[in-house]
Amino acid sequence: RIRLGVLKFGTVSWELDTLRQHKFDAANGIDLEIIDFAGEDATNVAMLAGAIDMIVSDWLWVSRQRSEGGDLTLTPYSTAVGAIMVKEGSPIRTVADLKDKKIGVAGGPLDKSWLLIQALSRRDLGVDLSATSDIVFGAPPLISEKAIQGELDAVLNFWHFCARLEANGFRRLIGVNDAAKALGALGPVSALGYVFHDQWASENPDAVRGFVRASAQAKDLLARSDDEWLRLAPIIRAQGKELEKLRDRYRQGIPRRSVAEEAADAGRLYHVLASVGGAKLVGSAPKMAPGTFWQEPRK
Amino acid sequence: MTALGTDGTRDAPPSMSGRRSLATALVPALTVAVSLLALCLLWNLAASVWPSRAFPGPAQVWQVLLREAANGDLFYHLGVTLGRVAAAYIVAMIIGSVIGVLLGSYRRVDRFFNPWVILFLNIPALVVIVLGYIWFGLNEAAAIGAVAVNKIPNVVVTMREGARTLDPSYAEMATVYRFGRLDRIRHILLPQLQPYLAAASRSGISLIWKIVLVVELLGRSNGVGFQIHLYFQLFDVAAILAYTLAFVAVMLFIELLLVQPVERHATRWRRRPA
Amino acid sequence: MQPVGAVVPLKVDIAEKTFRSARGVSITALQDLSFEVRQGEFACLLGPSGCGKTTTLRILLGLDKDFSGSFQLPQGGSNRIAAVFQEPTLLPWRTVEQNVRLALPKSLRAKNLDGLFDTLGLAGMRSLYPAELSLGLARRAALARAFATEPAVLFLDEPFVSLDEQTAERLRHLLLTVWSARPTTALMVTHNLREALMLSDRIIVLAPRPTHVLGVFDVRLPRQHRNSQVMSDLLRSFHHRFPDVT
Amino acid sequence: MTALGTDGTRDAPPSMSGRRSLATALVPALTVAVSLLALCLLWNLAASVWPSRAFPGPAQVWQVLLREAANGDLFYHLGVTLGRVAAAYIVAMIIGSVIGVLLGSYRRVDRFFNPWVILFLNIPALVVIVLGYIWFGLNEAAAIGAVAVNKIPNVVVTMREGARTLDPSYAEMATVYRFGRLDRIRHILLPQLQPYLAAASRSGISLIWKIVLVVELLGRSNGVGFQIHLYFQLFDVAAILAYTLAFVAVMLFIELLLVQPVERHATRWRRRPA
Amino acid sequence: MQPVGAVVPLKVDIAEKTFRSARGVSITALQDLSFEVRQGEFACLLGPSGCGKTTTLRILLGLDKDFSGSFQLPQGGSNRIAAVFQEPTLLPWRTVEQNVRLALPKSLRAKNLDGLFDTLGLAGMRSLYPAELSLGLARRAALARAFATEPAVLFLDEPFVSLDEQTAERLRHLLLTVWSARPTTALMVTHNLREALMLSDRIIVLAPRPTHVLGVFDVRLPRQHRNSQVMSDLLRSFHHRFPDVT
C-alpha cells in the first residue's frame, strides 16, 4: 500500500492514470492511493508532515535533504527537462544571442536548469547571462503567457510548458539536457524521481519494487500506444499538435539508463551546480549525498 | 412595546405604510441588480477592448461556471471551502474580539503584548500554514487553525481600536445601576463595538477566504483554492474566475439577505442624514 | 419608617481631589470637603458652576477612586443606588422603555411603568430612541430610570434643568413622592436656590474651586408648610447667612 | 475606558510628577524589552519541546540573520520590499479612505457600489496579480498597483463603517460656523475617523506585506517574498523566519518610534481610565 | 445703528414639520408656526419642554431641510450666523481655545480673546479639552464661541442652564453687550420667564406639541429701566395674558 502525493494535472498524473487504468498496480501487488495536491510545494509539505509515503521531486532537493540528515531517496521518473524557447521568427539563434535580451526564467535563480545554462554560457562564451541579460523570474504559467504575448524574448521553462510553446510557434534554442551533456554528463539524467524515505523503503521493499515495475509498465505502454495518449487527452488538457508534442517529449524523457549511470552523471552535475549555485543551493555538502538514488537492495 | 399614538404621535396611514414597505423592499433589490448589470457590462467592454487569454469575458466565464456546476465539481469544492471559511471565521472572530477588547481596555497589558500582536500580524501566511501542517498533520483542524491564527491578529487590531474608543460614561452608568456581566456585554459593549465588528467581519471573511486558498494550495486535496491553483497551472483564467465568482456570489447573498438586514436593524437608532 | 439595622449616615470626608489635564495642568477640584447627610434625609449641594459638585457625586458613586480621603454610604434598605447624571446618559441604541427597564434589578424588570411614564409626560415616547427626544424629554427619561429602581440612596445632578417651570414643578413633586415612599437618602446638586429650599432638609453650600463646605443651612420645616410666604422668609434668612451666594 | 469595569488605579502623588516624565519614557521601552524577551523564551521553549527541522529555535534564526545581513542580501531585499510596501500602502490608504468615506456618507451610492466592493474584496490576490502582470507587464508599477487593488476594498470597508458612525452634530456645528473644506476634513472628519484609520493602517500594512510576498513570488526578481520562496523551495525555515523577523523588526520600530507617539498625541483628549 | 441696505426681518412661516421615528411612529413637531423678529431685535421663544423649539432653531439654521413652509433670515451686516446649541457641542479633540478660534472666520482668527475668556470665567481653562470641563464650563465655552464670531444673527438654545445664578447674570449682561455692539438679531430659547422678560424685546409664546404661536408679548421698555419693581409688573401682565404658561 503506497500513498503517493502528486500535483493534479501534473505530468506524473498522466503516467499514474495509465498505471491505474490498466491495473498495473494490482498486477504488481501494490495498492496505490493517489492524493492530489495543487502545488509542488504542497507535496513537499505533505511528505514532511508524514501524510504520504511518496512524492515526485528532483534529485538535488533529495541530496540536500540527505546531507542535512534526512533519509530521502529517489528512483528515476523522467529525464525530460526544460529548454530555452524563442519565437519561431526570433533573430536569436545561439546562446550568445541572448545578450541584452529579456529572458523569463521559471522557478527562481536556484532552478537547476537555469544554473546549468548559466554554467554552460560562462564556460563556453565567458558570459555571465544573469549579468548581461535582463532576467525575469516568475511563475511558470505566467512566464509562458508572457512569452506568447511577446514581452519576453526568450524563456526557460519546464518541459511540458516548453512542449506546449513548441506547438504554438516556438522553437528550442537549447535544451537543458544539451547543456548537461556539454558540461560532462554522459547521457540524460533524470531530473525528477519518485521520492520516499529510506526507512519506509526498507520496511516495504516489495511495495517499492512493485511500484517501480508498475511505473515501468505504464511508461512502456505510453511509449508504444498513441491511443493511450488520446485517452489521456482530457487529463493532459491538450489536443492535436500540442498533444503530439507533449507525447513526443514525454517519450524522449523516459529514463533508459541504469540507476548507477544516472547517479554517476548526477554526481558530475552536482559539482557544476555547486560551483554556480554555491552553498545556497546545495547546502554545505561538497558532493552529492550518497544514496540519493535508491538502489534496489540485493537480496 | 410599540407605542400607540398618544398626544399627537400618530402612526402612518396604513395605505402609505403599505406602499412604503413594498418600495423599501424593491429599491435595494433593484439597485443591486442594476449594479451587477453595470459591472458585467463594464467587464464585457474591458474584455473586448483588451482581448487576452488571461482576461475572458463574462460569457466565457459563465459557460465554464455552467460546466463546472453541471459536473458537480463546483458545488463540491465550493461547499468544502465555505465550510473551512465559516469555521475559521468563527474561531478567529471570537478569539480575536476577546483579545482585542482586553488589550484595548487595559493599557498595561496592551503595552506588553503589542509587540506580539505586531509579530503575529506580520508572519507570512505561508509560514504559519506550513508549521501548522507539520505539527498537526495534514488535516482539517490544522488547516482551519492555521487560517484562524493568520486572521486573529487582524481582528485584535481592529477590536482594540474599538475598545479604546468606548465611551466611559455608559460603563459608569452600568456600574451605578449594577448591570450584570451579560447585560454589560450585550447592551453596553457590543452596540459600541458594532462598527468595528462589522469592519472586522467584512474584511475578515475576505481575508480568511484568501488564506484558505493558500491553505488549500499547500495541503488539501479539495476546495476552491485547490481548483484555482490547478487552473492556474493550466492558465485557464476563465475557470479561475468562475470559481472566484461562485464564491463572491455566495458572499453577496449572505451580505444582502443576512448581514445587511441585521445591520440595518442594529443601527436604526442612529440619527440618519436628513 | 427605618428598616432593621444600624442607621448609618452618608458621611463624606475628602481631603483632596486633583485632576491632571491632558496638557499637564493640575486642577484641584476638592480640598477638605466634608459633610454628612443623615439616612432618609434629603440634602442639596449648592455651589458655583465648576466648583466640584459633579466630581463629588462621581466619587460617592464609586466612579472616581483617585482621591485622598474617605466616605461612607448609608447602609440598610435595599442598598440600591440610583443616579441622575448631569447629562441624560441614555443608551442611544435602546428605546426609552428599554433604557429604563435595563437599569432595573432582575426582580423589578417586569414592573408596570405606565404611571411613571405618564407623570413624566413620556407616555407616547416609550418606543423612541434617545436621539429622537428633545433634551428635556431625555432628562425625564433619565429621571424615570432613576425613580423606577426604587433606590435606597439617590444622587441627582441638576435634574430639572431644560424643563419648563410647570413640568419641573410636577417632577419635583414626583421626586418627593419617590423619596418618601421608602426610606431614601437623597443628595441633589442644584443651582436653583428656591428649588433647594422647597425640597431639602439641609442645604450644603459650597465654595468656589477648590471647593469645601462654606456652611450648612437646615430647613426644619415640614414640606407641606413651605408656602410662598414661608419661602420668602427662608430665602431672606438664607441670604442673610450667605450674602455672597446667588 | 475599561470596557467591563470602571475600577481606577491611584495615580502617583504630586511630588512624583518630576520623576514621572522619566518614568513615562522608560516604562514603555522596558515593557517592550521584557515582552520581546518573554517571546524569545517561549519560542525557545517551544522549539526544544517540539524539535523539528521546520521549527528552528531563535539562536539558529539569529545566525542566519547575521549571515544574510553580512553578505548584504538582507538589506537589499528588505529595502526593495519596504519600498513596495510603502508605495502600495500610501496608494491604497488614500484611494480606499476617499472611497470609503464617500460610500459611508451617501447611502444610495453605497447601495449601488456595495456589490462591487464585495466582488473586489473577494477576488483572490492571485487573480489580480496575474491580470496586473499580464496587462501592465512584469514591472514595478504593475506589482504595486496589484497590491493596492488587493488592499483598497479592505480600507473601503473599514472607513465606510467609520463614516457611518460620524456624529452629525459636529458636522452641523461646522455648517453653522461655515468651516472651510480643509478645516472640516482636518478638525471634524479626521479626528472622528482616527480609530478606523488606525485599524485600517495596522492591519493594512500587514496585509500589504503579505500580498507583496505573493507578488514577488509570482513575478519579481528581488524582495523578501522572492527570498522566502527561494528558501521555501529549499525548505530552509530558519532563513524564512530570519527574513520575516527582519521585516517584523522594522515594523516594530516604526510602531514604537513613530505610530505610537503620534497616536498618543492624537488621542490625548480622550478621557483616560482613571 | 442699521447698516446700508434694505432692512429685512427674520420671518418664519412653517406649515408643518413631521418626524418619523426609527420605529415608524410619526411625530408632528410644528404646525402652522409663523412669527417675525425685526432686524436688530432680541426675541425669546418660550414653550413647554418637547414642544419643538430646538426643531425650529434647527430649521432656521439650515440643518433640517425636510419641512413644509418657508423662512427668511435677516439680511445685511456681516451675514454671519452664530448658534449656541442646547448641548455644548464642542469638538472633544480640540482645546477650549482651539474650539473657539476654529469657529472664527479667517479674518478674526488671531483676535485677542483674553477679555472674553475672563468674563466667562474660562481664563484658566483655555488649554483644557472639553471632557475636562464641568458642564457649566462647557456651556460657557460654547457661548464664547458664539460671541467671538461677532454674528449678525444669533440663535441661542437655553444658553444659561447649568450655571449658578451669579454666573448666569454676568453672562446675560455679556450677551446684551455683544448683542448691542453691532446690529444683531437674536432669537433665544428659554424656559426662564424672568430671563426672557429681562433680555428681550418680544417673547414668542409657543403651544405644546404640535407647536404654533400662542401669542406674542412685546416688552417695549428699555432694558436699563427693567428694575425689580418693573419686572414684577411685567410678570403680572404676562401671567394675565398667558394664564396657562408657567
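Letters A, B, C, D and E mark the chains as written, and numbering starts fresh at 1 in each.
We adopt the following convention: a residue touches a chain if its C-beta (ideal position, glycine included) is under 8 Å from a C-beta of that chain, and two chains touch if they have at least 3 such contacts.
Bear in mind the structure is a predicted one, so any value in this text is a computation, not a measurement.
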Relative to chain E, chain with the most remote C-alpha centre: A
Using the touch rule stated at the top, which two chains are linked by the largest number of C-beta contacts? B-D
Please compute the C-alpha centroid of chain A, do the same for chain B, then give the distance between them in whole Å. 41
Give, as an integer number of Å, the spacing between the C-alpha centres of chain E and chain C. 28
As a quick test, compute the distance in whole Å between the mean CA positions of chain D and chain E. 47
Which parts of chain B, given as residue numbers and ranges, touch two or more other chains? 2-3, 5, 7-9, 52, 54, 130, 134, 172, 175, 228-229, 232, 268-271
Note: chain C residues in touch with at least two other chains are 22-23, 62-63, 87, 95, 124, 127-129
Multi-chain contacts in chain A: which residues touch at least two other chains? 41, 48, 139, 142, 145, 149
Where on chain B is chain A touching in the complex? 52-54, 130, 133-134, 137-138, 216-219, 221, 225-230, 232-236
Which residues of chain C touch chain B in the complex? 58, 61-63, 80-83, 85, 87, 89, 91-95, 97, 102-103, 105-106, 123-131, 145, 149
In their shared complex, chain B is touched by residues of chain A numbered 7-10, 35-39, 41-42, 45-46, 48-51, 139-142, 144-145, 148-149, 237
Interfacial residue positions of chain C with respect to chain E in the complex: 19, 21-23, 25, 27, 47-50, 53-54, 86-87, 95, 121, 124, 127-129, 132-137, 140, 158, 161-168, 191, 193, 245-246
Applying the document's contact rule, which stretches of chain D touch chain E when the two form their complex? 169-170, 172-173, 175-179, 183, 187-188, 191, 266, 268-271
